Each structure stands twice: as C-alpha cells, then as structure tokens.
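Alright, structures below, take your time with them.
What follows is a pair of complexes built around subunit A, which joins subunit B in one and subunit C in the other.
Let's turn to the complex of A and B:
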C-alpha cells in the first residue's frame, strides 16, 4: 500500500513539474506588444497562443495579424506560453510549413528591431522584455501574470 | 477517362502556377526555400518476410538485413510570397515508389489566397487533409514517432489531391473553430502481390470541423471518395463480364468500381502542451454499395509522448479491422477459368488488412531542426498489406518485431 502511495506521489510530482510554466525569479517579464496606434487593448493567453502558433491570423481588433519572433527571447517566450522547447516549436512549425498550411512568424533579431517593426507594420504583434517596451508600443499581454 | 482526368489536373496545376508567376514581380515578393527528409534504417529477424510502411512501396525491408529504403526520403519546398494575401507553394519529394524507383514526385503545387483574415482558399495540388497528420505524414521531423501509424496510413496511399479547399477560422472568446471543405481528384498507385498497380482515379470530397483551445484540439470529419474508373482491374472486370455465366457477370458487376462511393468519417482528440503530447483517434470507412473489394474498415489509434529534456519517449498503439469479403465467380471448379477466379479472389484479398501494432520509442532532439529516433514495433497481423511474404504477396497470420533508427531533419 505504501509503495502505491509513493508511486502516486512521484507521478503527481512529475506531472506538476511538467505542466508548470512559471518564469524564473528575477527575469524581466516578457510582454506581448502591438503598435501604440492599434485599437487593441488586451489579449488572453489563448488568443496569444492562437496567433503565435499560426492557428489564427486575425487580432481581436479585427486587423490581419502579423506575428514576429524575437531571436533573443524566442526560447523563453514559447517555454512560458505553451511549455514547449525550441526543438518542439521547430517540429510544430515543420508540420505546418511542409504540409503547406501556413508560414511561420517573421524572424527578427533583437528587441529594438522588434519595437521598430511593430511600430511601422499595421497588425504587427510581437514580444519583448517589459523594460524594452516604450511609448511606440502597447502591452496587451504579460506572460506569467496569470500564474502569479 | 484517366487521360482526361490527368489532363484536367495538369491544367489546374499549370493555371495555379501561371497565376502565381504573374504576381512574381509584385512589391513584397519573397522566396523561402526549405529542405526536409529522413535517413532511416530498419531491421527484423523474419527471413521469410518483408516490411514496408505503405502499400505504395515496392518490396520492403527483408528479414535479417539492414534496409534504408522504407523510411528514407528527401523533400524540397519553395514558398513564394507575392502579397500578404497571396502566396504559392511547390514541393518535390524523392522516396521509394511502387515500381521501386526513387524519381522525385511533385507533392504540393498550389496557390493560396486569403481574401480576409481567417478565410483561406487554395487551388492546385494540395496535401489531402482528411485525418490529422495525413498532409504531413512525409515530414518525419514533425512527428514524435519515426512514421505515422500504419493501421491508418499504410493503406491510404494517397498523399495529395488536385483540386481546391477552403478554410474558415473564427474565435469565440478563448475558443477557436475551424471549418474546412476540400474536393479534388487523385489516382492511387500501389504494389499488390508482386506487381505495381494503378488502382483507381478517385474524386475525394470532404469536410472537417476543428476546435482549438490552448493545448487542446478536437476534430471531426466526413468525406466521400467517388471511384471514377477501375484502374488496372478493368481487364479483370471485362474478362469476367465476357463469360456466358450469370455468376461471372454478377462478379464483374460487383468488382466494377466505376461510380461507386466510399464514405469515411473520423474523430480525433489531441492534447499538446508542456511536455505531454497525447492523441487518440477513430476512423471508419463504409461502402454503401457493398462492393466486396472496397470493404468496411475501422481504425483506432492512440499515442502518448512525454518530453524529458531533449529526450521524448513515446508509446503508440493502433488497430485496423476489415470486414471479410466474399465473391462467387462460379469459376473456381472450372479448370480453364480457375486462374481468372484466383485473380478475382486475390483482388478481394488485397483490400483485407487486419493488424495491430504496439510501438515504443524515444526521440532525441540534437538541435532545432534535427532529431534522432529509435523505435521498436511489435506487429501482429491477421492479414497485412505492409508485411509481404517471400513472393512479395500480402502475408497472413504473422507476427514480427521491427527495430528502426531514423535521423530526421527540416530546415
């Protein structure tokens, strides 16, 4: 009987470890941003997930969505958003790209370039560390906030 | 009829490519090349058996030898983006064909138009997006396993259709819904009982409805395949019809696929979030006209994968059951015509696929874009289209354990 309890506790611990997407203490939180000129005010985690996983191309404001990945924050973003590693995200997109279903988000190298691109592109949506979000963009979702 | 259908398909593809090229000089034009493939080897101990992953493959992995022909393939793709709402995709894949050759085959060639966010139309050669994974089955890197479960995909030798589809997505709160309809024609080449066959030209039409929320996806769908001709079995049908025996004429009518319809419906539930990747599905194939060589089939499949760092161990289980079929040509006891009866019975038996497979394996992600996999399959078959006997005929009542290694990549 005790063995069964130990096994159940171990399984529960494994599941908790696997499904928690909490961010590390001390990290500047990642935020999802759109242009400051956009009428969009906020988004839910599900809406952000649908846009960045290529499932949906329309922002809640009705505009066509143009998502972009930031090379420096990409691994952390997908780990916190859907609990996936870069390898899993790469495999996920391989399925969509090579079945001809859709194309992946724009790839941008740095947060500064991300901010510039979001400001200049109607419908653009991307993610940056909170500290990098300035007056040119509007924060519509903060990762990890729902877990706090 | 096959020539006309083929000409129509090529005309459609040409129109799609011409339309695409006319936009090639538009502002914002970009090209994105891609490469994917698998280098795979298989081994099993049964000297009198060959293993193949699909009925469209020639030969297979012989027992006691390492074979690299079953899972290996190479694909190249070019995405051309003309505007935000218009792009085109071309894809060519080299893999083992039913005649044993490795000549490249065009697997995608379409133009995509998005007149509004959430609405997408595609024209040309498209991946057959019926059951989940059907349109990406060749992309090993995208799968947790080395290959899709054979019980669902081995007999379905159709990868693409020449036609059109329309997809509409909309959200309600956190729930995202997708409605999709597709129609198109395809031929079906396979390798049966030691010879390559052109099966039938088929027009497939179907609808699917999907729901997404966070890591969850549920899909239901239904479709119809209308058989436009008899392919290489036309000679058999003609010979049976020419004999002055009511039973052989009735058998010819039963084997005549022209105009017959085969319906299928399916249901899948997929959870893919965090380290878990769980999938379960059910597919059912029915033929209202009860044509004996297009029997009813039921397929069940389930998959569980759990990522631990760069390792992802997985388990899959799948089963296919096919309704037994009988055909009385009245020729079995007539020596001059017994050979004709044996051909007819062989044609019937080629559609019989009763098998279950339990697979266990592990995926190791070397880096994004490259994965190494090892897999063991325990296959138990009543009659199988993927286990061939020494004559390269479908085997009956066999069991084997298959060991596989694969290096998958996608860039």
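Let's turn to the complex of A and C:
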C-alpha cells in the first residue's frame, strides 16, 4: 500500500518535474503537511509563512496551529519559503522569545517523527520531503510551486 | 586733539564699529540658518532612529507581539527628540509609548510615519511605526546650538577685529601718528630730520619719511639761500643808506610835480633847515632853491629828453639868505615821473672864479683895470651911448716919469704910479673907470655925459691933479700929465677907434707943451 502510494507520488513528481523549470531531476520537493484527518485541503505560501513564523496562531480551518520544524529539512524549508538562512530565522525568533508571547515551532529530529507527530497532534502542521509524505498526512502546499 | 580727529582712535573705532555691524549680521544670519538646519537635522535623525528599530518593529508587527512592540516604542522615546512612538500591526495599535512631557495629539502634521514590511516579504506591508517629534524640544536644542555657534562666531569676530585693529595700529596708524607728531615739532630751519618709525623703515611710511626729509632739506636750503640773499640785500641797503646819509653831496628824489620824495641830511645842510621849513612838507624843489618853476622844468625836460644827467647852477636867493649862495643841481630821469638829483654847494668855486676873473682885468700894481678890463667895460658902456649919455675915452700919459724912474728907482716909480692912479680914481664918479694900459699910460672912461664939455672939464681936473707934488717917503716927486679926449655920442662907435683918437689928441697935448689936455677934433 505504501509502496503503491510512493510509486504514484513518484509518478506525480515526474509529471510535475516535466512542468517545472526550476527543479532539477531527482529533487525531492518539500511539502507542507497536516493531519489527514484535518479539514484543510490547501494553503497559500503566505498562509504557511504566517503560521510557521508565528504570525497566525490558527490554521485557516480555525484550529489552533502547532507548527513543527524538521531538523533535517529546516534550512532548506526556510530558504525556499522566505529566502532566509537558519541564522536569520534564529535571530528572528530570538527577538520574539524574549517577550515570551510567541514561541517558535516545535523541533522534531526526523521526517518520520514529523509524520507521526502530525498524525497524532490536532492542528499540527509541518513539512517533509514529498517522498516521506504518506497516507497519514495530507499535503496542503508544495514549496517551489508558487514560483511558477 | 579731539578723539575723533586722531587717526589711531578713528581707525580703531571704525574697525571695531564695522566689525560689530558685519559680525552682528553674520551672527544673526548664521544663527537663523543654523537653527533651521539643526531642526531639520534633528528631525532627520528621527528617521535614522526609526531605521535602527525598524527590523525589530517589523518582527513585532509581523508576530503581533505587543510586548516586543512596547519594548521598541519605549526604546524610541528614550530619545529626547521623540515625544511619543506608536507601532501598528495592520491598523491596530500594537504598542504606544509617550514620554509624558506633553499631551500630544495622537496624530499631528509633524508625525513621522514609516510603513513596516514583513521581515519575510519586503513587498508586504504589515503595519506602520509612528513617531511624534518633540518639536519644542528640537527647537530649543537647535536654538541653543545656533546660539552657541553664534557666540563662537561673535567671539571670533571680536578677536579678528582686535587682531586687525592691533595690526593696523602697529603697522599703519601708529607709524603715521609718529610721523605726524614728528613733523609737527620738526625744526626745519636747523636741518632736523624725521626718523622713520621702528619697523617701518622699508615700507611706504619709511619712503614717506625719506621724501619728507628730502623736502625738508630742500626747504632748509632754500630758506638758507633766501636768508643769505636777504642779508646781502640788507647789507648793501645799509651801505647805500650809509652813503646816502653820509654823503657830502645833497641827494634827492623829486616827483613829477617837483615835490621832494626823499633827501639826505647833506641836502638839508646845503640849503639850510629854514628853507626846508618854509618850502612846505613835502618841500617843493623850486621853492627850496628860490628859482622860478619853469627854470627847473626846463632842466628836467632836457634831462628826460636826452636821458642823461643835466646840471645847472642856481643862485640861491631869498630874504633869509645870509650870504650869496650858489648851488649846482644835476637832474636824472627815473623813468617817466620821478627824477633823482644831486646838489652841490659851488659858492666857493663861483667866488674863486669871480675873483680870478676880476684879477685878470686888473692891473696888479695899481689895482685899477688893465687894458683887458678897460676893453670889456668900454664895450659895455658904449652899447648904451647916445646924445644925452655920451661916453668919453681919456688917454692919460705922464710927463717926466722916466726921469723919476731913473733918479729915484723903479720902486719909487711904482709908488708914484699907485699914487697917481688913486688920485685919478678919487676924481671920478662911480660910473667912471680908470685903467692902466701899461707903463705910465692910463685910460679913463667917462659915462653918462650930457655934453663933450663935461669931458674936457674932467680932463682939466685930471691934468691939475697929476701936476701936484707926490710925496714918496721923505722925497717929494713931481710929474705932469698930457690928456687926450675922444667923445662918442652913438652906440656905433668902437672903443679901439675912440682910444686911438684920444691917443692922437694926447700927442697933440704933449706937442703943445705937456701938462695939458686936447679934445680930439675930427679932421
């Protein structure tokens, strides 16, 4: 079942690659995922940005948002999302942490754990490579897509 | 010296006065300008201030974090130029801070507003930051700054003015004042020289002093020359005056109206002070000399026309003249009007000449006229002869005189001749003359005779007188005279002819027996 999905997604990725000029062959795009149980179907880049950088506390569906960073993909994610380095993102958070009102996303070490956490946590939102996304989560935004 | 007339005081006052005016203008203008600039600068600083906190404010606005926004706003109002600061997320006030110094309106014209962009998307505006500048404060600060700069400028102007005044005083006005004071007390006549003020030897003031010295030297030389000339002139004037005063010759200047303009003491001595007193003041030359004015005019005209000295003898006459005086006056023309003249007393010379002349006509032995005198007198009296005033010439020849000479000597003969001539003269009137023609020959001229008989009468008397004895010492001598008479009744007769006729008649008397007279009878 899982393999099947993987094959499908790979096919889809191949198809997408054909339409994208910015992505090289063999890249695995990062995707933003929510729980498969969520009513959320799709998000804009700005919605993703606002939630991950603490501006919006709630998802467009109305749930309280719990964003999580993936340790392995974090650098790539923010680069592709807002064009910032991890240092810049840390500096950004450092200002907000001081006030204590806004907290940065949860830090999760691997994509598998991310998936698990997203499945188990209502309102959770995170990002994984497309290849890692399975049935437990729903892809609501694919990075790099908006560039087209 | 009044203060305003001193170059030092005036230059210094002007420097300070002009500096004060210019300095005041500069200070006021620069203060105004500076105040404006400073206000702008302080307001611009607020922009920089906003830029400094913009990123943090953006984060706060992005994250809707009032705490962070409040931190930023509080930080902003620490700046004294900020009255209040507000941070908006969207249109909602996220945080506001007010330094409480004034109850500023929430938004005034002054308010500086800066839009806040998303930290992650520079194109997205997520809020704004507003700052209310503390205008009064900024104005105060700008004003203080401008005042400080103005005061510094004023001090600078005062210092520069002082330096300029000092330099001008040291290098221009004081040297000029020194020169002016030196010139004021300079003793030009003693050849004193100006010294250039110290430090100005080689500049224009030094040159001025050198030129002044050269000028002074020239003036001194000119004065010296003039003084020498004046002395020379005075000396020669004194000499001439001395000559004029001490001359023995009368010297005078007379104007065209014959009035004396000046005269020397000799002139007064010559003519006598009484004459001067009587001739008026100024004295008139014709009155002084006692001569007719036309005589003097004639002489003056001659001198003028010939442009040379013309002289004439004048016989001083007048009631007060004690003795006969003669004066020789020479007149010289001095241009058209006045004349100068010299006057000399020639009385003595005149007298001497007269004496010489009279001696020449006298017989030295007897003192009666000689032949020459006889001729002159006869010619004169013959001129006025006529029928009523006949002239007779008598030829008197002594008889026996040679014998007296031979027996008694020449000396006795001479004495006899003197006695005879005195005897002849004593018989004659004043208008008659006796002359000794030579040897024992005498001639007598009788004038104013009414008839020839008067002549023969006198001839008879003469014969008688000569026949009388003549005592010479203790000897008594005897001679006689033969007389010939010739009478003229007309002025046409000539003396020599009359004398010849008388001589002829005298010989007839001798031939007739001597001691007798004969009247010449024309043949």
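Details
We adopt the following convention: the second predicted complex is superposed on the first by the 122 of 148 C-alpha atoms of A that agree within 3 Å, B and C clash if a C-alpha of one lies under 4 Å from a C-alpha of the other, contacts with A are read in each partner's own complex, and residues count from 1 in each chain.
We take it that a contact is a pair of C-beta atoms (placed from the backbone, for glycine too) under 8 Å apart; a residue touches a chain by one contact, two chains touch by 3 or more.
Just so you know, these numbers come straight off a predicted model, no measurement behind them.
Partners subunit B and subunit C clash in the overlay (superposition on subunit A). By the touch criterion stated above, A:90 is placed in contact with subunit B alone, subunit C being left untouched. Contacts of A:136 after superposition: neither subunit B nor subunit C is touched. When the two structures are aligned on the shared chain, A:101 is found in touch with subunit B and with subunit C. When the two structures are aligned on the shared chain, A:44 is found in touch with subunit B, with no touch to subunit C. By the touch criterion stated above, A:82 is placed in contact with subunit B and with subunit C alike. Once the two complexes are overlaid on the shared chain, A:54 sits against subunit C while remaining clear of subunit B.
After superposition on the shared chain, subunit A has more residues touched by B, the comparison being subunit B against subunit C.
In the three-chain model built by superposing on chain A, subunit C overlaps with subunit B at stretch 271-279, while the rest of 271-279, 307-315 or 361-369 show no clash.
In the three-chain superposition model, subunit A touches both subunit B and subunit C at residues 46, 49, 55, 82-84, 92, 95-96, 98-101. Against subunit B, in their complex, subunit A makes its touches with residues 18-19, 21, 44-47, 49-50, 55-58, 62-66, 82-92, 94-101, 103. By the touch criterion given at the top, residues 56, 59-60, 62-68, 71, 119-121, 124 of subunit C touch subunit A in their complex.
Here subunit B touches subunit A in the complex through residues 32, 34, 36, 75, 77, 79, 81, 84, 87, 89, 91, 108, 110, 112, 114, 117-118, 122, 126-127, 129, 135-136, 138-139, 141-143, 169, 171, 173-176, 178, 212-215, 272-276, 306-307, 310, 365, 367-369, 371, 410, going by the rule given at the top. Within the complex, the subunit A residues that touch subunit C are 46, 49, 53-55, 81-84, 92, 95-96, 98-102.
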